[in-house]
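Structures follow.
Next come two complexes, and both contain chain A; in the first it sits with chain B, in the second with chain C.
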Partner chain A sequence: MKREEIAERVIKVTARELKKSPEEIKESDRFSYELGADSLKSIELVAAFEEEFDLDLDEDEALKVQTVGSAIDFFAGLLPE
Partner chain B sequence: MENYRTLTEYEIDVLIENDCLADNWGNLQVVENFDPSRVYFSQFSGKIFLGSFSGFMEIDGIKRPCGIYHARLQNCTIGDDVLIDHIGSAIVNYHIEKNVFIENTFLLSAEKGAQFGNGVKVSILNEAGGRDVTLFNDLNAQVAYFQASFRHDLEFQQKLNSLIGKNIKSQLHSHGIVESGARIRNCGAIKNVQIGVNAILEGAAKLENGTILSCPEHPSYVGVNVVAQDFIVSEGAHIDAGVTMENVFVGQATQLGNQFSAENALFFANCEGFNSEVNSIFAGPYTVTHHKSTLLIASLFSFYNAGSGSNQSNHMYKLGPVHQGIFERGCKTGSFSYVLLESHIPAFSTVIGKHLTNIDAPLLPFSYITEERGQSRLMPAINLFSIGTVRDEAKWPARDRRKANQKRDLIIFDVFSPYSVEKMRRGRAMLLKMYEETPREKSFIVYGGVQISRLLLRKGAKYYGFAIDRYLIGKVISRIEKAIETKASWEMIIKQLVCNSAPKDINDWLDLSGLLALKERIERLMQDVKDDKTQTIEEFLERIKIIYASFENDEWAYIYRAFTEDYGFAPDKMTVEDFMTLVKKWEKAANSLNALILDDASKEFGDFSHIGFGMGFGENERQADFKAVRGESQTNAVVQKLRAEKEEIQRRAESIMHTLENMV
Partner chain C sequence: MKEYPLQDIAEPNLLKDIFPYSLPPLIKFEAPIKEMIDGKEIVFDPTEVLNRDIHITDTTFRDGQQARPPYEKEQMVKIYEMMSRLGGPNGIIRQTEFFLYTQNDRDTLDACRNLGLRYPEITGWIRASIADFRFVKEMQLKETGMLTSCSDYHIFHKQKQTRQQAMDQYIEVVETALENGIRPRCHLEDVTRADMDGFVIPFVQRLERLTENQPDHLKVKIRLCDTMGYGISYPNVALPRSIPKLIYRMKEDCGVSADRLEWHGHNDFHKVHINGSTAWIYGIDALNATLFGFGERTGNPPMESAVIEYVSLKGDLNGVDLSVITELAQYYEKEIGANIPTNYPFVGKDFNTTRAGIHAGGLRRDEEIYNIFDTTALLNRPPKVAITDKSGTDGVAMWVNNFLGLTGKDQLTVMKVAKIQRWVMDQYEKEGRLTSISDKEMEEQVAKHFPDLYAKVKK
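Moving on to the complex of A and B:
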């Protein structure tokens, strides 16, 4: 899967779960700061990504993802091209 | 048994010289070496027995001669070396044992037929009655639980009541007793109260119809302005500062103070009640409420913490205050949370916000129950990786303040046990089923009165899976590690994993206010009571102790069965390869939970935690101020323990794999 497609889906899921418009979301945005995801919302967000990409994420690795951009890179590394 | 004699003429003359009076000197009997010079300004009526008062007591740094001064006694027996001074009204119908100190107290009086709090019925969980618990001196959390909970079995309840009644009858006295070494000072009226060894009563305003059990290892304390009616207090309890209580049992090492008020309440080991109000509650061990605006009502708690302003309501203005609440072990309610009863809050869960729905979710332990725009939401399994849960696990056993030789309440402290793990197994199956049955378009499902996010159905099941794997495989790993020390072959090692007992319903466990037990054992005990095989309450208590002692074996039987069901082979039938696969699974589960807990803990040192630090100064000062007050993540003891645990997980996994590889 190309990075652009992954980015579009990450932003779509983020917007849906955090009730923002996709246009508001930048790759540099931190989920917990600029996008306002508290710890409970973050868990739902990870669950949403798992469902979107049909993955079972390693919790330790998922915790290291702090920004929208790093999430895109993270999934790009997991999903086949 | 003391040998008493009548007074000599000389002794009577001395007493009269000392401004003492008696309605009949012939009714006064004394021990052989009685010293009348130690009795001043006192009046005697009825039958009086006096010991020797040759000794001294040190009070407030002053050595004072034992004796009776400025007191009125009727029908009393006074032991050796007692000091009684300034009794406002009288001491009536009491046996005062040796070395007791009573000063500046208005009244100490016992009526014939008094039961001293024994037999008092406490209406818990339902203010209107229906779950009444009968108080008696040897009551513990488990017997209270039997009384309150198993109301479906009328015959059992009748038999149990009969055993309790027999015990109460056997303990009745025709007089009050103040046991040796007790100290009673500056108190108001004390009526029909038994006072135990070395108990301290200081400034209590009014005590009526009660027993204060006490022991030298852990004296009980009843302090300033306490008003208590119809009560029993256990060893090591500390009640102070304006507490008012009526129809109350106070368990060992429980602390009540700061104008706490309790009516129809049971408190068991290590509870704390300050500032708050409680009514009709069953407070199992480690129930804690500290704050002024908290009301706890009509509910069962244990290992519970009430945030300020916690509230429940049991009265819907229909048929009266009849609604009940169950807060399973380990729950917390956040500041100004509200729970509508009936509700059944799952174990180790946190309730935040106001919940106007009846919550019924016992199969989803370790949940977060929040509220969003008036809607109750449950997030399953989230508390599994709350740093607070980890702290609690270590905190409770470390804070067992009980010092009495006999620890009355039988407590299994384990957070992860067959009780909680079986709930997670059932919860996991239920969540996965709900996830499979819920279309993707739906954001939430409704279960047990709460909404659960569809996404969290699968996530919650996954987290439960981590905890289950960590527990089941971890317990087997521990046994294998032990066996490896002495056994040279895999065949010999797995023989240590055999399960010798196999109760029929190994998956059904109960929490009897701190005691985790197989339901089958409890049912068997109840049947034995009905069959008159348990003849006394003492025998019943011994049977409960046997159940407590059986926990380790029963736990292994549970693990054996659950392991077999979850992984497809029994522990004692698996190959080395099977086990090594499971070690990797355990490592992943344990590491995942550890990482989540560490992440939760790190939030306590994150940017949001620095708010308000370094006031008026720059960023460097803010960081330094925070570090000085709160420390650092790297040096925090709990965080360090978690990091060490992560290394330990890896070490154990590598060590056991290495050892077993050589056995293949």
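Moving on to the complex of A and C:
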């Protein structure tokens, strides 16, 4: 899967879960700061990513991801091209 | 000041020589203890406790029973049998004591004796009166405790005696015991509020003279009774409250050996456990305790704490079976109807339960982070989590995985249980709940969100 497609899907899921418009979201945005996700919301977001990409993620690795951009890179590293 | 540079090591230092986890944490002494007594520096060697025969004696059926409704005979027999298993074949719970006044008392003693168990040895407890001593003789006991109150509060105000009259009365019973081949154990009631030089030391010296030519199994024993919980463990405290000095004076001024000294405490100032273990360290072999600390007023040294302290000091189980502590607690709550506070160490329902998400998170990664020792293996009590609005998704994940029996890589992640955590938070944030989430409610959530896994558990 190309990075652009992954980015689009990450931003779509993020916008839905965090109730933002996709246009507001930048790759440098931190989930817990600029996007305002609390602890539970961050976990729900990762759960939503699992569903979106049909993956079972390693909890510790997934929860280390801090920004939208690093999330895109994270999934780019997991999903076949 | 010495400079300490950071040691940025590759592997964690878990201090396993002190915290093996397979045992309660160990107590390692590094140097002798020095105290000033009567102007002289006295050295105590705490490492001697490794080689001395420290042990526990029980007063559950005496002091413990004074403080609560009477046990039924069958209950006492069952408790006696469990205490024997707890203390193990080496008799770490060495003796117990019984009232002898009623037929029920005596029948119960016989029922315990008829089990034929070596430990705990059965002894009596009487007031220091000839009339009471008759019961000891009739029951053919080998040893009896006798209440030899030693503070002027007791001698003058309770017993309405002079010191001479009190001593003479006590000595009469001791002599009678010796004449009958029965070992006397003198309980110095209220010793931490007594005049040491004016009564206690003269009395104990007289006892020693009486028994100095007796064979070892008849030499008088001395129980130091901190009746009101006034005893202090700190160094360099004045008598009569200083536990170290009390013990020192018994040994040095009276010649009582460690194997004939016993400590009996009360918890009126929350010091009961530490005072008891202090007595061990400063040279007393026997620590008198009751199950779960039930005893007069605020209670006595809890036996389960004493057993665990024993293991920590000795670095070895030496045959004790700590899981019987859990068995006894369950028996007390279910069969006897006793109320053990939920946060009571080692036995309370929640003694190793966390409600904090950050603690649950730690437990999920490594149980040793937030569990005091391997309570699963030693006490048959795995660490648990209870769910509130503070438990976080880590708490919920731990609860769900424990319930489903999932371990290692099979465990559900926090992402998988996020829906249950959302339900929990909604209870508090939307519904305004103020109570904990019950296990039943959590089970319902598991059934709803993980029906297949739930069905496997319920099969």
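Here, the second predicted complex is superposed on the first by the 81 of 81 C-alpha atoms of A that agree within 3 Å, B and C clash if a C-alpha of one lies under 4 Å from a C-alpha of the other, contacts with A are read in each partner's own complex, and residues count from 1 in each chain.
Keep this in mind: contacts are C-beta pairs under 8 Å (C-beta built on N, C-alpha and C of every residue); 3 or more make two chains touch, one makes a residue touch a chain.
Everything quoted here is computed from the prediction, not taken from an experiment.
Of the two partner chains, both chain B and chain C are touched by A:59. When the two structures are aligned on the shared chain, A:40 is found in touch with chain B and with chain C. On chain A, the surface touched by chain B in one complex and the surface touched by chain C in the other have residues 39-40, 43-44, 46-47, 50, 56, 59, 63 in common. Chain contact summary for the complex, chain C toward chain A: residues 392-393, 413-416, 418-419, 421-422, 425. Across the complex, chain A meets chain C through its residues 39-40, 43-44, 46-47, 50, 56-57, 59, 62-63.
Touching chain A in their complex are the following residues of chain B: 368, 370, 379, 382, 440, 453, 455-456, 458-459, 462, 591-593, 595-596, 599-600, 603, 607.
By the touch rule above, chain A contacts chain B in their complex via residues 33, 39-40, 43-44, 46-48, 50-51, 56, 58-60, 63.
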